[in-house]
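Have a look at this one before I ask anything.
Chain IDs A, B, C and D follow the sequence of writing; residue 1 opens each chain.
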Amino acid sequence: MSHEQFKQCIEECLRCMQECNHCYDACLNEDNVQMMRDCIRLDRECADICAFAAQAMSRNSQFAKEICALCATICEACGNECNKHAAQSDHCKRCAEACFACAEACRRMAG
Amino acid sequence: MSHEQFKQCIEECLRCMQECNHCYDACLNEDNVQMMRDCIRLDRECADICAFAAQAMSRNSQFAKEICALCATICEACGNECNKHAAQSDHCKRCAEACFACAEACRRMAG
Amino acid sequence: MSHEQFKQCIEECLRCMQECNHCYDACLNEDNVQMMRDCIRLDRECADICAFAAQAMSRNSQFAKEICALCATICEACGNECNKHAAQSDHCKRCAEACFACAEACRRMAG
Amino acid sequence: MSHEQFKQCIEECLRCMQECNHCYDACLNEDNVQMMRDCIRLDRECADICAFAAQAMSRNSQFAKEICALCATICEACGNECNKHAAQSDHCKRCAEACFACAEACRRMAG
């Protein structure tokens, strides 16, 4: 598969990485940081696998499909957690959207 | 400094990361791989620090400036190496351009 | 699962990461670098997933098992490639051993 | 500089990476997570640069000194933060010790 074919999935991973890191930072600044523990953890998990997947795809890794399958799983979990806080926190809302879009793009890559 | 203020520098880092990884992959496919050894090494160095810097900026790291200063140094070195092959290889030409643009954006962040 | 329970698998991942990076560096210095292309690629793939898995386990990631399953797959592939050069290159021999040991530890974690 | 010469500094970075990730996980489980915000942030910063430095040294990066200089700065900051909680939390005490040992090893590498 070519660099170009990976392009859209890479874009989703990099957008998701940024939203997860932004959400992580914002959650750590919340008054009610207790409530955001799982969100903080999952934001880091998700940002890290998204960065990893984007690097792998852009170097044309032979394991891109397997890595994207794992990325989809973690994005889905992070999106579900962020969604619980979406009504209260705009950063969680935007993060959940980016996670679900990335999960879908990764599933297509993996499939 | 806010997420938004980092935005342009993050974009340059992520573009440079992708071009470096693409160039790394293409160099490893070249007939004359001997000649591309330094390019392969520097592409990996540069892709890795660019990904690191983008992650750091997007989580609002207190060390973003120091990380961007280091990123600028490595981008400059990678751009100089890729530039030697720019006449023969389109991937090196595009990589060099992305490296120099990223080096400049990182110097502004660091400064 | 506790930090302690992950300890042996983390150790194998970190040893494998180091051997893969050492092998990558040595392969890029070989006279016959053409012959080492796949080894160079797989060394990087393997070093990166091993570092990723070690980070994930040491932060008690809820995805440690899935990440270790992927790590085992990549270690196995890298070990197989390095094994082809084990008679000629001591760095490939040591890398293959570290890869197979890590693959086994990761499979135990994943299972 | 050879793989062997980097050996001790790599060991300190990998030990520090593990303690920082362990401390990050433990801080997120503390009743008083509010008080540990800065520790959580710095643990991640420090774990990530330590992993990055260990990877760079083990691939014989030409930027190992600059990367270790940055790593020393971040380890020092993380050690200082963890030290504030060392009397109450064993994970912070052990993390601070690993950070200061790593900072010293990295300064020697950089110098």
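We take it that a residue touches a chain if its C-beta (ideal position, glycine included) is under 8 Å from a C-beta of that chain, and two chains touch if they have at least 3 such contacts.
Since the structure is predicted, the reported quantities are computational estimates derived from the model, not experimental observations.
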item: Both-way neighbours, i.e. chains that touch subunit D and touch subunit A; value: B, C
item: Chain pair showing more contacts of the two, B-D and A-B; value: A-B
item: Chain centre separation in whole Å, for subunit B relative to subunit A (CA means); value: 22
item: Residues of subunit B whose C-beta touches two or more other chains; value: 41, 44, 48, 55, 59
item: Chain-level touch network, classified as line, ring, star, complete or other; value: complete
item: Parts of subunit B lying in touch with subunit C, wherever the complex brings them together; value: 28-29, 33-34, 37, 40-41, 44
item: Parts of subunit D lying in touch with subunit C, wherever the complex brings them together; value: 3, 10, 14, 17-18, 21-22, 24-25, 47-48, 51, 54-55, 58-60
item: Parts of subunit D lying in touch with subunit B, wherever the complex brings them together; value: 41, 44-45, 48-49, 52, 55-56, 59, 61-63, 66-67, 70, 73-74, 77
